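Note that subunit A is present in both complexes that follow, paired respectively with subunit B and with subunit C.
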Partner chain A sequence: MLRSILKRVGYMLIVVWVVSVMAFVLMRCAPGDPTATMLPDTATEEQRAALTAELGLDQPYIIQYLRYMKGLLMGDLGHSTQYNQPCATIIAQRLPATLCVSLISAVIVLFISIPVGVISGVTRGSMTDFAMMFLVVILQSMAVVWVCVLLLLVFVVKLDWLPSMGYYGLAKPQYLIMPVIAMGYRMCAQVARMGRSSMIDVLNEDYITCAYARGLSKWEVYSKYALKNSLIPVITIYGLQVAAMLAGAVIIEQIFTIPGIGTMLVSAVNNRDYPMVQSSLIVTAAMFSLVNLVVDIAITFIDPRIKEV
Partner chain B sequence: MKHVRSRLLCMLMALSLVFSLAACGGGETPSGGEKNPEGPATAAPGKEGEIVVNVSDNVTMINLEVYANNNSCQFLYADMVFDPLYYGDRQGGNTPCICTGYELSEDGTEATLHIREGVKFHDGTDLTAKDVVATFEFILRNMDTLGLASAVWSNLEGVELIDDTTCKLKLSSYFATFEVSLTYTWILSDEDIENYGDDFQSAEKIINGSGPWKFVEWQDGQYASYTSNKDYWDPSVVSNIDKLSVWFVNQENAKVSGITSGDLDYAQSLRSDMVPMVEGKPGIEIIEYVSDVMYYLQFDCAADSVFSDPNARKAFAHAIDVDTMLNLVGGGEAMKCMFLKSLMGYDESIEGYEYNPELAKEYLAKTNYAQQQITLYSRNDLVSIDDVMAVFVQNLTEAGFNVATKICDSAEFVKIRQNPSEYDVFFVNLGAFDGDPYNLYIVPRIVDDCHNSYYKNEQLNQLIMDSYTNPDAAQREEMLKQVAQTVYEECGPVLAVYAPNGYCVIREGLEGVNATKCAGPYFRFARVDEAVWKK
Partner chain C sequence: MQGKIMLRRILRSKQFMMGLLLVLVLCFIAVFADQLAPHDPNEYHPDARLQAPEWFERGREGYILGTDSTGRDILSRMIIGAKSSMKVALLSTFLSLALGTVLGIIAGFRGGILDIIIMRATEVSMAVPTMTLGVVIMAIFGTSIVNLLIVMVISFWMNFARVARNEVMSIRNREFVQASRALGATSAHIMFTQILPNVTTSLIICTSNCFGSVILVESTLSYLYLGVQLPTASWGNMIAAGKDFLAIAPWTVIVPGIALMIAVMGFNFLGDGLRDVLDPKQTR
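Showing the complex of A and B:
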């Protein structure tokens, strides 16, 4: 087990390195550079040249990359050109909000979507199944922007129950309600659908028929045999969705004024803040890989046959 | 084995929970200050009896450097926390602030500044001429990296301390916007510069201004908070607002819900299609104005470009239907003169170019244009730019141009304008700050040709520079009118198109907000009418 985990951590490092190369190359391919937004457009050619040299952007790409990687290996994520602060400081300020909203969404989704999927699967064809799947399809069809606006109109403008903007972590949970709903509703629908179809597949397996033949009750069959096996694809999808949420949700962050990593990344790209973009992508890639590792480990616990993670 | 697995799974779940809870704890505040305990007005109105005002700005603050003010939020911060030498209302009115007055030498190359006595920084130390000198020295040392300061002080050669209340500036020549430059010079503490170095603000070690507001905290991506400086040297400016938070909100729906729910007391630059959503709400006033922001075209006038021929530029001007564009952007005014009405040099006798596709075709026929593709560039953050560009394409195609458009982000757009002959024509906006047509407009864009239009007209350049260095305001205005007339006749290198409408929303009782028509609002003099506010 430990060997497999170490192997997987090795893969993670490769993924992060590939992401760092891609982020570096893609940002250099994009037209414009940090000096374009750091100086006013009335700046002279000499001023631009001086700033370009100061930022080390006049060096060959390979030198720039090696310098960045050297810093990275020594724990230095670089210095943001737009914030004029270390990237690590900015990321450390922004990451908690993204993690908080994403993880609370993820936990709530887990407790809602899996029971919905399972109940829908075991009651296939019933009114309960129809009602649940009808709701799930509606949720999946709604655009995030529209849902955010709807939430604002209903809970802020009409009912005046919730504040419209701001983020204070768990100290003021009322500020988290709308962002958490907006972040999680689609994922909830997706996981529930996956749970239903997975449950239906498992219930059609021979070993389930065999279990019934052994005289086990419905609930014994569902809880001991069906549920565990139906969870494998659900957890895989769930893990991918959680990992994607950790990269930040720009629209949600903008609408509810949440200081997350998504809006910061967009701003960094627009300002061609190379170190900030590279560092944010590396951090999110690492988180993505970590969540996938956790998911893979969780799957081996559910199904011990999957030894190799 | 099964037990081990179960325990590991439990541990994994517990770790996840701890991780989530830790994440929810929130980060350190960037300023190192205390987290805002109040939040928006309605959600939590602050301590008993405290007046808390929440306003919004469209852009996000990115650092606390006074002189790296590349967006409205940074201006707002500098304007509230620091005192400038002269105070500018950004619409042409400049009044003494830290500098009580100045004298210019006969040739205009020396300016003696008189510094106000009795002014204190927020840390209690005195502000003297020594601090003014240190600020100018800071500007001179950092000319290459300070955006606006380097533009407004390009004629500054040196500074000399005379005594505690006097200092002298050495200029390469007199320039018409000297007083405007004083309004962009916020005084830093000599001691702080000495102690912390030139980037002391970015390191957030100290925010020590002398302005009517004290900086409380900056929550990156959320808001910046200020509290009234009750010890300000000018008691008439001291606000009765205890806490003013500027929220960074650029989503129109968020602004509307913030205003209607009471979470926001002021919102700037509301999109015209959102106005009906707040119209008629009790206690909310909508202010509509024609903005002091012009949307203009600039042509590539290099010898090998079709737009080197004035007839091609005139064909372009007659081809575009500005009224249709204005309908798309929510109203405004078509511009006839190259100067906005608020700028010196505005000439109402200029008739402008009417929309006339037939006339456009006639002008185009006089050129050697051979249907080569012309690319019109613009920037993606302009209001309704996709629709406006579609109108350009339709109009220009009708007039006989073969036109393509490209909408880029800011960084790419800057690069396109920097590279020689990269564009054929571009369409962008420009704010008319301070009633000053020189610093950001005609000097860099026409005389210095900072956007590589290759338009050559030595007579025009001379006229601009003569007016720029002429101390007589009446003569200056007359010369600027000649500039406007020449640019109109030449139809280039710039062609002003329109000034769109702007809307801001303000809660009843909030007063003294300077909702400038060209940039974000200023809250330096903000206060509330308590009788109305408490209702």
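Showing the complex of A and C:
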């Protein structure tokens, strides 16, 4: 057990390291001079050269890389050229907003999608199942930008119930409603679908037939035998989706102007703040891998049949 | 006999028929986009800005789905949008399919260190979210079709690689593979002429689903004007352009959104339908 967990942690570190190398290479290939945005247009050649030297950009790539790696190992993600602050500080400021919206969304999704999936699965072929799965297909086919804009159209323009943008944390939850819906609707559909098919798979197993043969009622079979086993693949998908959500909320944050990691990335890219772009790539990859790792480990504890991860 | 069973399954699967129909219509529109568009999609009509669709009171004849904020015909732009989306989807999906399948088969068949390396590579691709990668590459290196394809392939190849690898692992020790080897076949021959035909079912299903996902990603990137290059219409950039006129001209965003939904739904139905048809034992 411990060995397989250690192996997983090792793999995760490799993944994050590869992403960091990729980020480094990408930023070095990027066109444009990073000092251009830091200095006023009137800056002289000498000032520019001095800044380049100060940032270490005149060194050979290998020295730059070693410095960068040394910094990373010591928790230093670099220095943002746009804010003139350490990247880690800015990420720490931006992270709570992203976490807040995605975690609320993740919890709500859990409470909606699993019951929908389970009910759909056990009533396979019924009207309820058909209606729910029809809705799921519709939700899965809607583009996220379109959903955001439709939410704005309905709740802001037509009904005038919600504020259109902004973020004030949990203090003003009305600002969170639309981002949470936009973040969760697709995931909800995917998890519900997975829940349904996994329930159907489990109900076809021999031990379910056996349980019926022993005279257990339908609901006893569902709750005692089918539910737990059917949830295992669902948790895997759910974990993957939460991980992706934490890392990939660029567009939703942009539309609803939430000061999270996504908006930070867009502004860093627009301002050619390469250290910031580099560190947001690394941080998102690390978050994604970490959540995945936690889910994988959790699954091994829940499902004793999985020995080797 | 085989064909007959297949045909019966095809006719019985409503999802497949529905998906096939939608996808064929979409392909038709995409291929004949230039002929089908009633107006020039990029032509400005300053006197006809934000016209409502024809059946509305304020509608203007000749502009069936209305016009956008610069007076361009929405129907024509929607039709051209189908072409842009399909072009990106087709190229990205097949490049991802090719790369993912080759690497997946190698990983599954060879195993060992190659398998470990390729599987870690899939994890790396998964760890960088598509939108993050898209924003970084497209904004810094420029919005060209090549960069867009790079983003898409990096984001989607691993789905195919994982599917191919798992399938290959389950059949690589079967008798026909051993027989080939005993007859002196090279690894490459076994991988691509013996094993590949046996993993196509899952890959076909995966391909259909990938189309839908690529269309969605493309629309999101285009919304940020980082996808299909302006002024070419794409459903994503149509939504972005209409967003500012949401209150007075909601059709400018509703129309491209519906087009997007129908396209993605078509591919999703087709994928599920193909699964019913090709692999009826599996429920998902």
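Here is the rule we use: the second predicted complex is superposed on the first by the 278 of 309 C-alpha atoms of A that agree within 3 Å, B and C clash if a C-alpha of one lies under 4 Å from a C-alpha of the other, contacts with A are read in each partner's own complex, and residues count from 1 in each chain.
Operating definition for what follows: a contact is a pair of C-beta atoms (placed from the backbone, for glycine too) under 8 Å apart; a residue touches a chain by one contact, two chains touch by 3 or more.
The structure presented is a predicted model; accordingly, all values stated were derived computationally and were not measured.
Peer 1: Quick check for you: in the superposed arrangement, does A:195 touch first (subunit B), second (subunit C), both or neither?
Peer 2: neither
Peer 1: A:100 contacts which: subunit B (first), subunit C (second), both, neither?
Peer 2: In the superposition, A:100 touches subunit B alone.
Peer 1: Check the residue A:163 against both partner chains and state whether it touches subunit B (first), subunit C (second), both, or neither.
Peer 2: So A:163 only meets subunit B here.
Peer 1: A:92 in the overlay: touching subunit B, subunit C, both, or neither? Say first, second, both or neither.
Peer 2: The answer is first: A:92 touches subunit B but not subunit C.
Peer 1: After lining up the shared chain so the two structures overlap, which partner does A:254 touch, if you call subunit B first and subunit C second: first, second, both or neither?
Peer 2: It touches subunit B and subunit C both.
Peer 1: In the superposed arrangement, does subunit B or subunit C reach more residues of subunit A?
Peer 2: Answer, by number of touched residues of subunit A: B.
Peer 1: Examine A:275 and indicate which partner it touches, taking first as subunit B and second as subunit C; both and neither are also allowed.
Peer 2: Once the two structures are laid over each other on A, A:275 reaches no partner at all.
Peer 1: On the A-aligned overlay, A:117 touches which partner chain: subunit B = first, subunit C = second, or both, or neither?
Peer 2: It touches nothing on subunit B or subunit C.
Peer 1: Given the touch rule stated above, what does A:78 touch, subunit B (first), subunit C (second), both, or neither?
Peer 2: Neither partner.
Peer 1: If you stack the two complexes on chain A, which partner ends up touching A:149: first (subunit B), second (subunit C), both, or neither?
Peer 2: Both subunit B and subunit C are touched by A:149.
Peer 1: Going by the contact definition given at the top, which residues of subunit A touch subunit B in one complex and subunit C in the other?
Peer 2: 30-32, 149, 152-153, 157, 254, 270, 272.
Peer 1: For subunit A, which residues count as touching subunit B in their complex?
Peer 2: Within the complex, subunit A contacts subunit B at residues 30-34, 36-44, 46-48, 50-51, 54, 82-85, 90, 92-97, 99-100, 103-104, 107, 148-149, 152-153, 156-157, 160, 163-172, 174-175, 253-260, 263-264, 267, 270-272, 294, 297-298, 301, 304.
Peer 1: Hey, which residues of subunit A end up touching subunit C in the complex?
Peer 2: Within the complex, subunit A contacts subunit C at residues 11, 14-16, 18-19, 22, 26, 29-32, 137-138, 140-146, 149-150, 152-153, 157, 193-194, 197-198, 200-201, 204, 244, 247-248, 250-251, 254, 262, 265-266, 269-270, 272, 277, 280-281, 284-285, 288-289.
Peer 1: For the complex, give me every residue of subunit C touching subunit A.
Peer 2: So the residues of subunit C in touch with subunit A come to 120-121, 123-124, 126-132, 135-137, 139-141, 212, 216, 219-220, 223-224, 235-236, 239-240, 242-243, 246-247, 250, 253-254, 256-257, 260-262, 264-265, 268-269, 283-284.
Peer 1: Can you tell me which positions in subunit B touch subunit A when the two form their complex?
Peer 2: Against subunit A, the touching part of subunit B is residues 5-6, 8-9, 12, 16, 19-21, 23-28, 30, 35-36, 39-40, 42-44, 60, 62-63, 65, 68, 70, 143-145, 147-148, 150-151, 199, 202-203, 219-223, 247-251, 253-254, 256-258, 260-261, 263-264, 408-418, 440, 444-445, 448, 450-451.
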